[in-house]
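Below is the structure I would like to discuss, written out as structure tokens.
Think of it as A, B, C and D in the order they're written, each chain with its own count starting at 1.
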Amino acid sequence: MNFQPLQVEGELLSNRRVGAYHLITIVVPGIPERIRPGNFVALSVGGESTSTLLRRSFSVYQAQERGLYGGTLELVISAHGAGTRWLAALAPHQMINVVGPLGRPFPLPKDPVHALLVGGGYGSAPLFMLADALRQRGCRVDMALGAASADRLFGTLEARRVTNALSIATDDGSLGVQGRVTDAARSILERANIDVIYACGPMPMLSALTTLGGEFGVMVQCAVEESMACGIGICMTCVLPVRGNDDVVRMSRSCVDGPVFAGDRVLWESIGSVPEETLGAPKASEH
Amino acid sequence: MNFQPLQVEGELLSNRRVGAYHLITIVVPGIPERIRPGNFVALSVGGESTSTLLRRSFSVYQAQERGLYGGTLELVISAHGAGTRWLAALAPHQMINVVGPLGRPFPLPKDPVHALLVGGGYGSAPLFMLADALRQRGCRVDMALGAASADRLFGTLEARRVTNALSIATDDGSLGVQGRVTDAARSILERANIDVIYACGPMPMLSALTTLGGEFGVMVQCAVEESMACGIGICMTCVLPVRGNDDVVRMSRSCVDGPVFAGDRVLWESIGSVPEETLGAPKASEH
Amino acid sequence: MTSIRVVPKGGRGVSAEVNLESKLGTLVLPSPVLTASGCAASGKELSQFVDLTTIGAVVTKSIMMSPRSGRATPRMAETPSGMLNSIGLQGPGIDDFLEHDIPWLASKGVRTMVSIAGNDVEEFGRLAARVKRAGDSVVALEVNISCPNVANRGLVFACQPHSAAEVISIVRRNVGGAFPIFAKLSPDVTDIVEIAKACVDAGATGLSLINTLLGMVINTETLKPALAGVTGGLSGPAIRPVAVRAVWQVHAALPHVPLIGMGGILTGEDAFEFILAGASAIAIGTANFHDPSALTRVQKELSVLLAERGFSALQDAIGFAHRKV
Amino acid sequence: MTSIRVVPKGGRGVSAEVNLESKLGTLVLPSPVLTASGCAASGKELSQFVDLTTIGAVVTKSIMMSPRSGRATPRMAETPSGMLNSIGLQGPGIDDFLEHDIPWLASKGVRTMVSIAGNDVEEFGRLAARVKRAGDSVVALEVNISCPNVANRGLVFACQPHSAAEVISIVRRNVGGAFPIFAKLSPDVTDIVEIAKACVDAGATGLSLINTLLGMVINTETLKPALAGVTGGLSGPAIRPVAVRAVWQVHAALPHVPLIGMGGILTGEDAFEFILAGASAIAIGTANFHDPSALTRVQKELSVLLAERGFSALQDAIGFAHRKV
């Protein structure tokens, strides 16, 4: 189930570098207690006379209902564009408008299953709350984290605390085994009896994991990352082709129908196009 | 004579409230030593992804060639619009791009004359450097400062230090005599033998002072404030009708031909229109 | 009538009742604040942030006859003080819309303007007839003849007076004499007044000004157009001066035709600009993405500003900037 | 040729020579970076911040036959990521311009494109003839048929193909066959390609795209238009997507016609967007007000970006975004 989102004027509590990322903590009364693992929040950026009007979306790394200063959210920011650079440069006490919780959270199993959590880069951020929730339900949690290099891994220490087993892979071998996180996932699938995979990271990783899951007969729950203008379901920019339970392919909004989708429902190869079978797809004869 | 302007990335040293204003000090190597009284500087506002692209112009209150941190400028900011609000909220170490010195400074007399300096609101800002320069030349300096209320006067304490005599007028009588600064100026003109008036403040004040100067046969040097887009003479937005030495009226740029004009050269009543006698004024028959 | 007790910012303790009633021909709305089509879906999502019964009306995303997938992604690019979109009118088609969206809006008591978009002139007519029968919650039709996100620019009916008029005529024929119809125009024309006149002559009650400007961004990493659809529609505060100008020109030429102004409204002050220029109502689009509470906030800010400027009724401010002193 | 040694940002120590040479028909400039007319006066003021001999050319403020006062103030209003201006072509007239401005530019060795604006078709012809005889420093003419700040919209020659062509024809007749002429077009038209074709058919060497968009701001304190001239021209990054689209459309239709792209260029990346869309040169207007060193900075940033993307010559990047993969 999903909580109704709130819009809250938040205050930055702290901002510190963690590897290639910035870990920011925001006081946002009301929102933390509503967050479920996999929810995201949308932040306005740029201040009073900003030229960048669209909100930026971030997974929630930690949600603290009660802190010294009221409820807080912790977010992991990878600074590259105008908005993330602005967020990464925020100083304590600056205000940030936050909307959340947004999106559908990761579906949790009823039974104490064996879960594999796979994160690419900052895609690990939502997996820690998820691991906590799974372990509270008696699940066994393995985790595989991957990134280009050690500084682009997030939460490896924390990961040891919340998981039963942790694999790390980096492209350059600067931490863990050299290679891709999907290879690490394959090794785990080969040696353990995984019931479900939860994944968050770049689209190609999610696509590859879905294939891998299929190979092993394991469901993969993927948190996707599509470019979003509103984050709340009103603009239709964040769509991707998803096959519904009625077997019809629709351009589904990743902000409200996702960001978590069952991997085998997403037409990964068709992202960036409109598959012919999509409901209402243009016909060659039409404009 | 005029120094060529520089463009320097400045750093905010301090920002403090003074009455209704913010007094900001910026470290800007190279510019302070070039400032003459009456010059102004143009600051970019809003930070990296600003939607407010045009520079904001400010008179220089103090220019320190050598400080602990390098040359500094002190500016008096009246915060009302987007840009001035951004400046007023700046914290130490934030960077501000500064262009200056700009505009023609106040012309200084060769002889040790008796000068009256008149400032309205933050218009007093450039008068303190001017008073110093005049006194260095052996001039006697009287000053009259006026504003709506005491908090909108700037520099009254400093004014006592740099002048021989000071009059203060406020509309609400909260400091000095109740009334307008032009009335204060008239009293001074009536009792002292003023050779020249220097003035900075709102257009109606400058216009009234010019009339007053005419009455007493005293030249009034006015620093005007017109809306500026560039501050460096390339956009033609900051014009006002001024009669040249050749007796021809032109729409003159207040940023490079001013901001200081001899009051009797400005067609005060015609500001906001194009007087018919202006060179190239539209004729009724033309578009 | 939505009236808001106002304490002006100065805190002078003065309070005022501003009558926000907006008259658009025979259509009377309690507030001039509407959603812009395509920037509020069919209201459900925004209702989490805004009580939609308090605003003037929800203008729904333009609906077509058949379900429509819309374009491939990327569908948007942020631009300075604005954005480009090329959604391509994704939607479930009129049947599904009338079955689900309208009943939901009606059940919540939300006044609704339905925006329609046809592939050809006849489709506009058939859509209009369907919507007209959809029940009392539908208070007006907006006819989107200006969507730039179609494969063929020749299909932007609002680019030529005769094609614009053709669409409006058939819509008018299909809904009967009294039903309010607003023609939504494109700013990408040489003379918007000419198009406006053609629409009014063809039976439009009023005009919605403006749709997005045709624009484009090139991705300097891929060296290709940033949008899958190559060009897209530019919206947001960046285009506000163009939109205010369009409202000003059309109000000057057709002072008695009600206008819905939109394009870059972010604050009550922006809304006030459109009203002074001649708009009887205003719509909020891109600002909803920036601030999902924008509708409520703008309505409040506008009310305060009207009071501060001495207007006791919105009606008195419409077109005020045209008055000679 | 201006070539800049480039060390890509990554600091990988790779250095590259990028050939920035820009070919506009027979006119070859060492750099594609120009000033936009009216945003650099006649160069003198900007020369305090930029070595004008290092950029492609200075395009002067549009000059008219007689001295011209321009419009009353206020002449500008800041808008989100842009500004409105209504200068109204203030200038000293052609005699004074040829007596003072051109000799100064020539003495400094600054390549100059003179922008001309006539009150009627004949005046354009006479201005062109005068400028043609002004000496070698004048490398081209820009014909401003698109200034929105005239009292009568009917006088915006670039709004109609026939009036645009009429002006270009007479200018061509008056300067002879070889002299480079660029027609400056307005984006405020239904079909810019049609106007572009008319100008090229009438003898234009190339096209300058785009002039400002007609816009308006209402002052919500005075309740009147913010500009004395009521409407004004919208410029700055706000309009960049519209300008890139115009360049894209015209390059697609007329791939061999050299285009000077402008509208909201603030960075080298923005300039690169125009070049990928099909511009052979770019001009910088409003950005000079924001950053008086913009010309030098953009030229450097563009050069670095070209090198980073693997282009050794500007020429190879022109229109690159049109290529099918």
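Some notes on this structure:
Methods note: a residue touches a chain if its C-beta (ideal position, glycine included) is under 8 Å from a C-beta of that chain, and two chains touch if they have at least 3 such contacts.
Everything numeric in this text was worked out from a predicted model, so none of it was measured.
Shared contacts of chain C and chain D, meaning chains that touch the two of them, come down to A, B.
Set side by side, the interfaces B-C and B-D show unequal numbers of C-beta pairs in contact, with more at B-D.
Separation between the centroids of chain A and chain D, computed from CA atoms only, is 46 Å. Mean C-alpha positions place chain A and chain C at a centre distance of 34 Å.
Residues of chain A found to touch two or more other chains are 51-52.
Multi-chain contact residues, meaning those touching two or more other chains, occur in chain D at positions 80-82, 236-237. Interchain contacts join each chain to each other chain, per the touch definition above. The touching residues of chain C, counted against chain A in their complex, run 38-41, 45-46, 48-49, 61, 66-76, 78, 80-83, 85, 87, 90-91, 93, 119, 150-152, 155, 228, 236-237, 266, 286-293. Touching chain C in their complex are the following residues of chain B: 51.
The residues of chain D lying in touch with chain A in their complex are 80-81, 237. The part of chain A that touches chain C in the complex is made up of residues 4-5, 7, 44, 51-55, 97, 99, 226-227, 229-230, 232-240, 250-251, 256, 271-274, 278-282, 286-287.
For chain A in complex with chain B, the residues that touch the partner chain are 45-52, 82-83, 85-86, 91.
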